[in-house]
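Single-structure report; data block below.
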Amino acid sequence: MNLAKVIGTVRATRKDHRLEGRRMLVVQPLTFDREPAGDPLVALDTVDSGPGDVVIYVSSTEATIPFRPGDTPTDATIVGSVERIDTDRGTWTRSSR
Amino acid sequence: MNLAKVIGTVRATRKDHRLEGRRMLVVQPLTFDREPAGDPLVALDTVDSGPGDVVIYVSSTEATIPFRPGDTPTDATIVGSVERIDTDRGTWTRSSR
Amino acid sequence: MNLAKVIGTVRATRKDHRLEGRRMLVVQPLTFDREPAGDPLVALDTVDSGPGDVVIYVSSTEATIPFRPGDTPTDATIVGSVERIDTDRGTWTRSSR
Amino acid sequence: MNLAKVIGTVRATRKDHRLEGRRMLVVQPLTFDREPAGDPLVALDTVDSGPGDVVIYVSSTEATIPFRPGDTPTDATIVGSVERIDTDRGTWTRSSR
Amino acid sequence: MNLAKVIGTVRATRKDHRLEGRRMLVVQPLTFDREPAGDPLVALDTVDSGPGDVVIYVSSTEATIPFRPGDTPTDATIVGSVERIDTDRGTWTRSSR
């Protein structure tokens, strides 16, 4: 799983019916130093994320698990809203952003 | 999921029978600044996309979900036609392309 | 899915029994300008491909779909033999190779 | 599977319910010379790993296997704690770290 | 599927029980010119491979197929021992190594 920051939304009225009612968020992957890591991508959401939130997202087939038993064609889904990170590089907490 | 622009088509008469009747489109992945991101690839379509359309596509096994219950050997499928993108870098709408 | 050119074969007598009778081809991934893209890889075949053929192959779990209902341990399978490609960069047809 | 070193933890109270009770560890992928290889990522744990441990983790859908029969949305899971590595570059044992 | 050379072993006594009894080999991915391609990784084995062997391995979920019907958390598995490779760059046979 990777760290990312929510930076926007995508609107697509014409889409696969299995995506109806799902919010598509634009997320910028981050390093654990909160620096951008590669290009932004589109992820579905399971934790009511909003712009600026630091989140954890899963990639690949696992991204469909939060929406089971239904089949949802997604390869990236936000599964947690991050409050605190402790690594050998220091501690980060949401309030410190 | 990633952003891409439809830039062409591929014709392959001799192919796995599970791909019969499926249009194969050539899509150029894009950054959220609408710049090319890497090399084009071949994707199946679910939303009647045409050349020039900005779309969202899924990769990997999830790409087979829109075609279930049948088994379709694809690792990239267009699942939405993009109308509007709002990020901290600004807003893009289809009419502005 | 990606474009590739068949450039060789691999022989492995001692192998997982689920691969018995399957031809292993060496394919060179190509850009849509027919330039090499990255290193060659080994793919199974479903369309009687031969050296020099330009093909479409699928990666990851989807590569096992053409061999179902059996389980086949492959992560790359050729699913189409390409006859014509039309993109905003021009047209390529098999006879013009 | 890849080698990594556990370097931290992530706390996310608001998360997909399938992740309740699972520890999220930050791991730094390593080369077989124990040098950092790319950016750290978040992995679930199955072997009571702690900071500094050298571990083996699996990626992609396989990362969900240790948690079956339940469905767990993870794409990286630690599956072994490494004691000894022998390669043509030499031998490494846990006590020598 | 990709080419690799077996270069070592990993010992992990504390591991997911589904990996009990499975040998973990260190493999160095190779190009078809037998040059190293990227960093080594850990793979399970199905064909009694030993150090120095040139093998074919599968990645991702397909790597679990040789161990079915059981569930095995691996994302890389050796599925063939290579005897001969013929490409437009020449022929390689095991005896010539």
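Order of writing sets the chain letters: A, B, C, D and E. Residues in each chain are counted from 1.
Definition applied: a contact is a pair of C-beta atoms (placed from the backbone, for glycine too) under 8 Å apart; a residue touches a chain by one contact, two chains touch by 3 or more.
This one's a predicted model, so the numbers in the text were calculated from it and none came from an experiment.
Contact with chain C and chain E alike is made by no chain in this entry.
In whole angstrom, the spacing between the mean C-alpha positions of chain A and chain E is 33. The set of chain A residues touching two or more other chains comprises 60-61, 63. Beginning with chain D and continuing to chain E, the ring of touching chains reads D, E, C, B, A. Contact residues on chain E toward chain C in their complex (touch as defined above): 1-3, 31-32, 37, 46-48, 56, 58-63, 65-66, 68, 77, 79-89.
Of all residues in chain A, only 7-16, 18-19, 24, 26, 39-43, 51, 60-61, 63-64, 71-76 touch chain B in the complex they form.
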